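Naming follows writing order (A, B, C, D, E and F), and every chain is counted from residue 1.
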Amino acid sequence: MSSGNELTHFDQEGKAVMVDVSDKAETTRTATAKGRVLVQPETMQLIQQGGFKKGDVLAIARLAGIMGAKKTPDLIPLCHPLMLTSVKVDFTLDPENNAIEVIGTCKLAGQTGVEMEALTAVSIAALTIYDMCKAVDKGIQITDIRLVKKTGGKSGTYEAE
Amino acid sequence: MSSGNELTHFDQEGKAVMVDVSDKAETTRTATAKGRVLVQPETMQLIQQGGFKKGDVLAIARLAGIMGAKKTPDLIPLCHPLMLTSVKVDFTLDPENNAIEVIGTCKLAGQTGVEMEALTAVSIAALTIYDMCKAVDKGIQITDIRLVKKTGGKSGTYEAE
Amino acid sequence: MSSGNELTHFDQEGKAVMVDVSDKAETTRTATAKGRVLVQPETMQLIQQGGFKKGDVLAIARLAGIMGAKKTPDLIPLCHPLMLTSVKVDFTLDPENNAIEVIGTCKLAGQTGVEMEALTAVSIAALTIYDMCKAVDKGIQITDIRLVKKTGGKSGTYEAE
Amino acid sequence: MSSGNELTHFDQEGKAVMVDVSDKAETTRTATAKGRVLVQPETMQLIQQGGFKKGDVLAIARLAGIMGAKKTPDLIPLCHPLMLTSVKVDFTLDPENNAIEVIGTCKLAGQTGVEMEALTAVSIAALTIYDMCKAVDKGIQITDIRLVKKTGGKSGTYEAE
Amino acid sequence: MSSGNELTHFDQEGKAVMVDVSDKAETTRTATAKGRVLVQPETMQLIQQGGFKKGDVLAIARLAGIMGAKKTPDLIPLCHPLMLTSVKVDFTLDPENNAIEVIGTCKLAGQTGVEMEALTAVSIAALTIYDMCKAVDKGIQITDIRLVKKTGGKSGTYEAE
Amino acid sequence: MSSGNELTHFDQEGKAVMVDVSDKAETTRTATAKGRVLVQPETMQLIQQGGFKKGDVLAIARLAGIMGAKKTPDLIPLCHPLMLTSVKVDFTLDPENNAIEVIGTCKLAGQTGVEMEALTAVSIAALTIYDMCKAVDKGIQITDIRLVKKTGGKSGTYEAE
């Protein structure tokens, strides 16, 4: 599909298309994306308390990320509707850098990859952390959203890290 | 509302709530968010061609960002439904750094701010750029998503830059 | 807003924007749109039976049209989210011409008109009639979708017929 | 399924059903629909400028049509959720008649046809053209929305033109 | 999957996941759910009139239930997106008990069951009856929403009644 | 509006309408609804563990209920789009009866009441509890969904209990 340096979401005349995947083989495909949310040290502490005493920012962000993955074809104009068979969103706290790492993994057996679903899961989870902490922290940044791994499809396994 | 270091999206017992804004004054509120999409030099060139010869990545990302802003209450669990009166999404190309800067601005007269709408517009526009370029560039990163300006509401104007 | 022959959904540089209506006055606005669905004589008879014996095509199309009006900002990229205070969809059967006329009326007190909501109501109601009859009639046409009346806003009342 | 002159979206007692397609064969199915948007000569000129200097009405309408096709099961009450593998929306300008022809084509391998998806794509694209031009042209009409071709499924190929 | 007394929507560490069904066999699955709407005797009469003279509450509730089933993955956070091949919603009037029984049945060939889709269809249909009657009856109750039958999948047929 | 024993969602001819509320006064309106989820004793124990060691069923159901309230106009055909200013979903465990009570409260300043929003919040939260527990408990029932309190609007305060 990606024959050389062409943007595949355009046809020869430069018109946007939802790429025709009708003839692509149905294979098991997975994608894992990551991103980071940078917060103030005090915010980091509030988030870390989530698990035991106070409301749990990360549990809510996880759910938002999972639901966000399902909305990908509604959000990204040229994405195909897909039937995800698995979505996982997880977090690693990196208190030294006052960062929350967001990890999203999607899976299905289908004709097109699930990178955008994994990236959307990460983005929506990160935005939700932002929303829940913004009253105490106006300088939050969402950063380093990227694909880290992808399996299945004609191009096979890709690993960024 | 943000009394000290409390996360306002939780009540005293730590339960998630959609914050009650019924008694907040209706004021004109704006928010501007930014983010950056980092691509390969070749991708940068393909995007720059958008305006004249080839399909226009940025025009599509702009539209996705505007539509994404409208979906914010669907995506971010504790966001209020809002009636945005203006949404703008724009881009600045920074070819030296192979970066596309995404700028999103939202506006309304209402009881709660529009930061999340601006940040969502930027995120969805950035994800759309990613989607449209991913066939030729597997290492794209979305980064530095942040609020840069906010006006209106009790807390008044905030400017990050 | 419509200063001369400019398309208002673009800014000076030709970039799509959701027009800023923040400073427009809030007035009561209504819009009525119409359209026609052209069917075979046999289909017309089946639809006419709807009220008494068989399933009611028009009742379902009416509901789809009302629900469709509410989805307008999701469907039409640069439409503002609106809080419609009234939506009506009705039908006039014109058996001589084997036509079902669809009439949609929307209303609200707001800063922008509801033409698109009325037109969307008509379009979705017409598509639903199509869907429900297509098994017996492959040549259905949806035609003459247009605004027939509009009140409120700076430009005042407009009447097409 | 369409045994004689029955509306298949109702059961024997006239109750609306989403037709059971569980036992239908999965075949490759395509559908192409067309429609026309009739505008003033001045509007036609503004649209024709889209490709080079001013904002591009048709590019936005194309995107709205593609996204609209994906929303078909949300809009048309008794349509099945489908996984479209291809959506294309295109336009032919007919300046002599001041008409924009909208052409939508959908495709999938599935148990039910994609006519409604193609017709919805055309309708939403046409409504978007309307929305973007309505500030300069109050008399726009959307007309002649119809199925022109359909392949796959038990009933095989159908061609209207 | 349901190994003993574990909640399958959480992983070992208690984090919410959309259960990975990638390796489950695709079988035909059906589910039937029921619920009851309890109304005042006068409301019961108004509903019973629906079929002939007055607007038809049940026809509208049926449609809302069918459309609601399609929205299940949007509503229930950890539900998989599914391609339902059949949705039926029906009603039995029980005037002696002033109850409307709602029955919803969903079907597909897939890797996961459709209980939630059937239960959602019943719930949304019941809520719609409530909405349409609430102006004349403030004490309506929705009750006894439950799964009555389920076929397909590893666990086979389940019948509650 | 509710003049005697009329269903207000139909006009004089029995056609469904979204009731015209354009001329109703904007007042502060609240509504509280309740419902019960009946489970097995073992399920009750698993849910009670939620707060400390295992994944938290109720936190997820709370979020689903809040998000569900926002979707009410999408789900209930004749509901108006509303801008809720507050949504709360809470739970009371009643281990003696193996019941989880769900309580939903919505609020806004508007022209129409928020009963359906509160009832939808309760229904979706209850369905989510069902979904999360169904692997270990096939006989769950959702019951007693009802309005318990309503304030604001022309009809004033209503209290059921």
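Heads up, the rule we're going with is that a contact is a pair of C-beta atoms (placed from the backbone, for glycine too) under 8 Å apart; a residue touches a chain by one contact, two chains touch by 3 or more.
Since the model is a prediction, treat every value here as computed from it, not as a measurement.
Shared contacts of chain A and chain E, meaning chains that touch the two of them, come down to D, F.
Within the contact network of the assembly, the step distance from chain B to chain D comes to 1.
Two chain pairs, A-B and A-F, are compared here, and A-B has more C-beta pairs in contact (counted per touch definition above). When chain centres are defined as mean Cα coordinates, D lies farthest from chain F. When you average the Cα atoms of each chain and compare centres, the chain farthest from chain E turns out to be B.
As for how the two copies chain B and chain C face one another, under half of their interface residue numbers coincide. If each chain is reduced to the centroid of its CA atoms, chain C and chain E end up 31 Å from each other.
Per-chain Cα centroids separate chain A from chain C by 37 Å. Residues of chain A in contact with at least two other chains: 11, 15-16, 56, 59-60, 63, 67, 71, 74, 77-78, 81-83. Taken as a contact graph, the chains fit none of the simple arrangements: neither line, ring, star nor complete graph. Applying the touch criterion to all chain pairs gives A-B, A-D, A-E, A-F, B-C, B-D, B-F, C-D, C-E, C-F, D-E, E-F. Per the touch definition, chain B reaches chain A in the complex via residues 1-2, 5-11, 14-16, 35, 42, 46, 53-57, 60, 63-64, 67-68, 71, 74-79, 115-116, 119-120, 123-124, 126-128, 130-136, 138-147, 150, 158, 160.
Interface of chain B with chain F (complex): residues 11, 15-22, 73-74, 77-78, 80-83, 111. The part of chain F that touches chain A in the complex is made up of residues 52, 56, 59-60, 63, 67. Residues of chain E touching chain D in their complex: 28, 59, 62-63, 66-67, 70-71, 81-88, 90, 107-109.
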